[in-house]
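Right after this note come the structures.
Two complexes are shown next, each including chain A; its partner changes from chain B in the first to chain C in the second.
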Partner chain A sequence: MLFAKECRKISGSLVFWIYCIIIALMFLTQYFSDCTEREYPPSPGRSAGDYDFKPSGDHDTIIEGTVNSLINDYYSNKYICYPLGFYKAVHLKDKDQEKIEAYITEITGLDHDKLAEIKNNCEEYYVSDGVHEYKEYKAEHIDVDTDNISYDRFREIISDIDSILGGGSDYAPESAEYNFSMIPMTYEDALEEYNELFEKDGIAGAYARLFSDYLGIVLGIMPVFVAIAIAAADRRSRMDQLIFSRSISSFRLVFTRYAALITMMFIPVLTEIIASVIQLLVIYNGESVAVEKMLGIPVFWLLPNLMVSAALGMLLTEMFSGGTAIVVQFAVWFMSIMRGGTVLSGNIRKFTLVCRHNTLYNRAQFMLHKNDFIFNRTFYFIASLAAVAVTAFVFEMKRGGRFNGIRLFGKDGILRRKA
Partner chain B sequence: MVSGCLAKMVFSDVRHNYVIHYLTAVGILFLTPLLFGISQLDSILSAQPLEIILPLMGTVLMTPVFFPEQNENIRDVVRSKKTSYHLLCFIRIMCSVLMLSLFIGGFVIYMKSAGCNVTAKHFAGSLASALILGSAGFFAAAVSDNVIAGYMTSVIYYMSNFTMKDKLRVLYLFSMSHGRFEEKKYLVIIAAALVAGGFAVRKLMRK
Partner chain C sequence: MSFLFGGDNMNNCIEIKNVNKFYGKKQALFDIDLTIEQGMFGLLGRNGAGKTTLMKTLAALHQKKSGEITVCGLPIEKAKDIRAITGYLPQEFSMYPNMKTDEALDYLGALSGVPANERKKKVTALLRRVNLIDHRHKKVKELSGGMKRRLGIAQALIHDPKVLIVDEPTAGLDPEERIRFRNLLCEVAEDRIVILSTHIVGDIEATCEQIAIMDEGKVLWRGTVSSLLENARGHIYTANVEKRFLPQIKREFIVTGMIAQSDYTTVRIVSDAEPDLPNVVLTEPDLEGAYMYCLHSSGCDISGGEE
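This part shows the complex of A and B:
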C-alpha cells in the first residue's frame, strides 16, 4: 500500500521523468546506435599492427619498457601524470630524484657514475612546455637483466615511484602492466578474440558489458537527483511534521521509500535491457544468444550504482541538504570517471564506482578483474543498504525532535540550508 | 540613500541565502590546482582547468537564484515587500556574475604568476562557459520551479560535453582546450537569452 503510494508519488515527479529521458537518450545515442550490425570475423592477410594491440603480460617486457621510460623521465626530471585524468607535469625535488635514482640502480644495477655517463651520451632536445623551453633527454635503449630482480619487488618499486609522483603516472603497477606490455595482435589472436564472443560470451555477455558500461556512467549520478527530489518533497509541501506524527516506524517508512525509488528508477533500465535482447536476437538471427547473460550482468553491474547514488542522496539530504548531496555525489562520480583516464576497458578496481569496459572484446582484460568486480559490486550493494539504515536512524532522531539537520555555525547558523 | 538601501539588501540576502553557494564556489576554486598542474602551461593546456573545472562555479552560483523562495509561503511574504521580487532575483544573478568574474579573474592572474601562457581570452572563455552552464541551470529551475531540476539540467549539459562533443557544435564548453574560441561568443549570447527567458517565463507564470 505505502509502496504503491510512494511509486505513484515518484511517477508524478518532474525530476524522475527527466531521469527517464536521460537514461533513454544515453541508451539510444550510445549503445543502441553502436550495435545495429552484427560483428564479423577479422579478414586474414593483413599485417600484425592492423588488427589491434593486446597486453602481453610478459614480465620481462614490462620491466624493460618501464625502466627505459623511467630513465628518460628521470634525466629530464619531468614526469607526466594524470592524477584525476588531467595532465600534470611533475618536477621532483633533489631528495625525491635521489630515491628514483636508487630504484633505477636497484632494478638495472647501474650506479650513479654509470647513469651520469649514459646521460652524457643522451640525445638532447628542447621542448616547449608552456612559456618555457625545457631540455629533455632520450637515452639509448638499455637492456635490463631481469634476473636481478623479482617481479614482486619490481611492482613494489614502481608502486612507490607512483606514490612519490602523487599518483596517476605511467608507473602505477596496473598502468605499467598495460602500457609497457602492449604488442600487436596477429590474425590468429584477432580470430581467437572474435571466437570468444561466441564461445565464451554467448554473444550476449559481451553486449551486456558494453550496455552496462554506457548506462553505468549516468546511473552513477542521475539517481541522486530523483532521490533528493523525493526526500525533499515532504519539506517542500510542508508535510514533514504530519508524517512525523504517523504511527509507522521510521525504518519501514524509509526502506519502503527507498525500495520504491529503486524499483521506479530501474524500470527504464529493465525496459532497455529487454530492447537490447530483442535487438540482439534480430541482428544475430539464427545464432545461439545467451539471453540470460544480457539479463543478469546489467542487473548485477548497474543496480549497485543506482542504489548507492540514491542512498547517498537520501542520507545527505536528511542530514544536511539536497545541495550537499548533489555536490558530494558529483565529486564521487567525477573522480571515479576521471581516475580511469583514457583506460576505457578493464577499468575496474575494488572501489571504482563507475566500472568501465567500453568494448565488445578484450574479455581477458575483464576477467582479470573479475574478483575485484564481484567484491566491488557487493561492497556498494551493502554500503547502500547501510546508508539507508543510517538515513532511517537520522529520520527517527528528527522525528523525536533530537536532531534537526546539521548546522555548521551554531544554533541559527547561516550555512544551514533546507532543500 | 537608494544605493545604501540596495547595498543593505544585497548584504542581507548574501548573508542569509548565498554564503553557502559562494563558499562552494571557493571550494571549487581551491580544488582546481590540486586536480591540475598549473605551472608553466602553454595556451592550450592552460585552457583545461579554466574550461573543465571553473565553469562548475556557474552551476553553483546561478542555478539557485529562485531557491530561497521555492516555498510558496515564503515567496508570498517576499512578494508583499516594497522591493520587487524579480528585481531581487536579478540582483542575485548579477552578484553571481560579478563573483564569477572575480573568482575566474583571480585564478587567471594566479596562473599567470605561475608562468602559464594565459591571456584575457582565457578569462573571457572560462567566464563564457561558466555563464552558459549556470544559465542552463537557472532557466530549467525557473521553468520547472524546481531548483533540483535546474542542477540536474546543468549537470546533464556538463556531462554531454564529455560524451557528445562533436554533436554540441557551438554549445561545446571546452573549445579553448582544442585551440578554438569562436564558440564562446555564441555561449554568451545564449546564456543572456536563457537568463532573459527564465525571467520572462517566471513573469508569465506569475511565480
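This part shows the complex of A and C:
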C-alpha cells in the first residue's frame, strides 16, 4: 500500500525525528511539568485584588480605562506599541497630538484648558532610556460620563488612534476591550470559575485548551520543515524523473504523501494527548474527567495548524524551493503569534493561525470567541486541502514539462538576476 | 488492452511526425520524423544534439510544440496511458539513498500501479535478471555506479512496459559493466521496443541494427547500421605519416584514429576525396568513421571532435 510506504519513508527522515523531539520538549517543559498537581478551590476571606482578574466586557469600564491610559500617554507623548510584536515607543508630532486631544475631548468633554489644568496637577517623573531622559505624567483618575458617546463611536475613535500610532497599540479595539475591561475577581467569581472547571469543562476541557495552546505554537511552524524534506526528497535524491515517468496520477501521489505526512506528524501529538489523559486521571483520581474532551479538542484545534503548515511547505517547495517555504511559513506563523501582543488568553480571531488560550480558566472568554474559533479551524482545514490540490496541479505541470518551478534565490534565482 | 492500441500493426511501433520542440524561444527539435519498431533502436549524436529532449518527449515528460507522436497507437497527449506502457531510464538518476534495493524497486512498482501480490514476485525476478539478487538488502547508496544502472533498468521494467527508453545508460561505466549492460538491453529488446540514446558509437555498434543520427535538434540519418557503413564506403582512408606532420593533418582532415608505430603513425581519416598523403589506402569503413562521415557530409562542424 502506497500510503504505508510513504509513512515508512517519512519515518526514515532525520528531520521528522527532530520534529518529534521538539514537539516532545514543548510538551514536557511547558505543559506536562506545569500540570503535575490538581487545581484547588480558592480560599475565602481574601481581598478582591488577591484573586485573579477577569475581563468584564462592560463598555463603561472599557471606555474609562482606555481614556485614563490615553490621557497619561498623551501628556507624556509616549505611546507604547508592539507592531509585529516588537516594543516601540511612539512620539507623535504636534498635528497628531492635536488629533488625539480632539478625541479625548470628544470622549470626556474636557476642553484644551481643562486638560492643561489636569496636566499641571499631574504627578511628574523622569524615565531614562540610557541616552535621553523623558518626563512622564501620571494624572489622577478621571471619571468619564459614558452617556456622552456611543460605544460604536468610541470603537471608531480608538481604531483611528491605533492607526495614527502605526498599529499594535493598546488602543486597537480588540486589545482595549481585553486590557481595559479587566476587573478584580471576587471570591465568588473565583469560586465560580473554579467550579466551571469541573461542571462545564469536565476538567479535561480546560486542560485540553492549555495543551492545545502550547502545542499549537510549535505545530504552526515545525511541520513545514518535515513537509519540505519530504517534498524536496525526490529532487535531492535525483529521483524526480523516475517518479514523473510512473503512471500514478499526480493527485493520488500528492494526496497520499500529504496524508502520510499528517498521519506521521500527528502520531507524536496523539501520544502526548494520551500521556495527558493518563496524567489527568492520576492527579484527579476519583473525579469525573471528561476524557473525550482531551481527545476531541486538541484534534480539532491542532490538526488545522499541522495541515496548513505541511500544505504550505509542500506547495511552496514544488513552486519555488524549500527556502521560500520556510520564509513564508515563518512570516505567517510569526505574525499570527505576535498579532495578539500580550493577549494570551482568548486570542482567537477568524484568521489567526495560532489560536491562544494560555490558562486553565477564563472559559467565558474562550466561549465568547467560540464561533470565530469554529470558523477559523474549518477555514484552515479547507484551505489546507485546497493548497494540496494546487500542489498536485503544480506537480502535474512539472512532470509534463510545462513548468519547471520558479527559483527566487541562488545561482539562477530571479531575485539575484534582477539584483 | 488491445482496443487501446488499435490494430496489431500499430501495437509495436512508435511514429514521430514533424515534431518540433522549443525551450522558450530556442528551438530544440526540428521536424523530427522517425518510425521505431520492435527491437533495439539506437539514437546517436553528440552532446547537445537533442537526444535527451526527444527521449523525454517520448516518455511524456516534455511537451512538443507541434507534430504528432503515437506510441503503440496511443497519441503522446494521453500522458497517463503512455507512462503505463513506457519504462524510462534517465541519463542522470538515483534513488532514495537510504532505501534498500528491493524496497526502492517495490516503491517504484507501486507508483506504476503494479498490484502488491505481483510486485514481490516481479521484484525478485527482476533483481535476479539484472544480477542484483545478492544485493537486494543493500542500501541504494552502497551500490556501485554499474549496479545502480542495472537497478535503473529493473525499475524501468517493473511494470512490463512495451517501450523502454534508456538515455546514455553506459556513460561512466567501466568496460566490463558496459558490456554487461549492453547484453542486458539486447535481452530485454527481444519482446519490446528499446530506444537507446548515446554518444558512444561502440554502444550502438554492439546492440542496434536500426539507428538515427541527430545533431542540433535534427535527424541527419535514419536507417540500418549496414547502410550507414555503406554510405561511408570510399571515404575512409588510412595513411602512414611522420609524427611531426600529425598536427597539420589533424587540422586539415577528420582523423578518427591513430596508431603509433616505431617511426611513423598510422592515421585513419574521413575525407570526401583521396588525401594527398604518403601510403594512403582506401579502407573498409567502421561505424565510428561512418558516423563522422555522416556528420561531415551533413555539414556539421566536427573540427576538434566532440564538444
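Rule of thumb we're sticking to: the second predicted complex is superposed on the first by the 390 of 419 C-alpha atoms of A that agree within 3 Å, B and C clash if a C-alpha of one lies under 4 Å from a C-alpha of the other, contacts with A are read in each partner's own complex, and residues count from 1 in each chain.
The working rule: contacts are C-beta pairs under 8 Å (C-beta built on N, C-alpha and C of every residue); 3 or more make two chains touch, one makes a residue touch a chain.
In this text, all values refer to a predicted model and were calculated from it rather than measured experimentally.
Visitor: Using the superposition on chain A described above, determine whether A:F244 touches chain B (first), chain C (second), both, or neither.
Guide: In the superposed model, A:F244 contacts chain C only, not chain B.
Visitor: A:M1 in the overlay: touching chain B, chain C, both, or neither? Say first, second, both or neither.
Guide: Touch partner of A:M1: chain C, not chain B.
Visitor: Once the shared chain is lined up, is A:K88 touching chain B (first), chain C (second), both, or neither of them?
Guide: First partner only, chain B.
Visitor: Using the touch definition from the top, say if A:A208 reaches chain B (first), chain C (second), both or neither.
Guide: The answer is neither, since A:A208 touches no partner chain.
Visitor: With both complexes overlaid on chain A, does A:L219 touch chain B (first), chain C (second), both or neither?
Guide: Touch status of A:L219: no partner.
Visitor: Applying the touch criterion given at the start, work out whether A:V327 contacts chain B, chain C, both or neither, answering first, second, both or neither.
Guide: first
Visitor: Comparing chain C with chain B, which touches more residues belonging to chain A?
Guide: Counting contacted residues of chain A, the larger count belongs to B.
Visitor: In the overlay, answer first, second, both or neither for which of chain B and chain C A:I22 touches.
Guide: first
Visitor: Taking the superposition as given, does A:I228 touch the first partner, chain B, the second, chain C, both, or neither?
Guide: The first partner, chain B, only.
Visitor: Please report the chain A residues shared by its interface with chain B and its interface with chain C.
Guide: Dual-contact residues (chain A): 238.
Visitor: Please output the residues of chain A touching chain B within their complex, sorted ascending.
Guide: Its residues touching chain B are 14-15, 18-19, 22, 26, 29-30, 81, 83-84, 86-90, 128-132, 217-218, 221-222, 225, 228-229, 232, 236, 238, 322-323, 326-327, 330, 337, 414-415, 417, 419.
Visitor: For chain A, which residues are in contact with chain C within the complex?
Guide: Touching chain C from chain A are residues 1-2, 5, 9, 12, 233, 237-239, 241-249, 253, 399-402.
Visitor: Show which residues of chain C lie in contact with chain A when the two form their complex.
Guide: Within the complex, chain C touches chain A at residues 56, 59-63, 79-80, 83-84, 86-88, 90, 92-99, 106-108, 110-113, 116, 155, 159.
Visitor: Can you list the residues on chain B that touch chain A in the complex?
Guide: Checking each residue of chain B against chain A gives 15-16, 19-20, 23-24, 35-37, 39-42, 45-46, 48-49, 52, 60, 64, 70-71, 73, 115-117, 144, 146-149, 151-153, 155-156, 159, 162-164.
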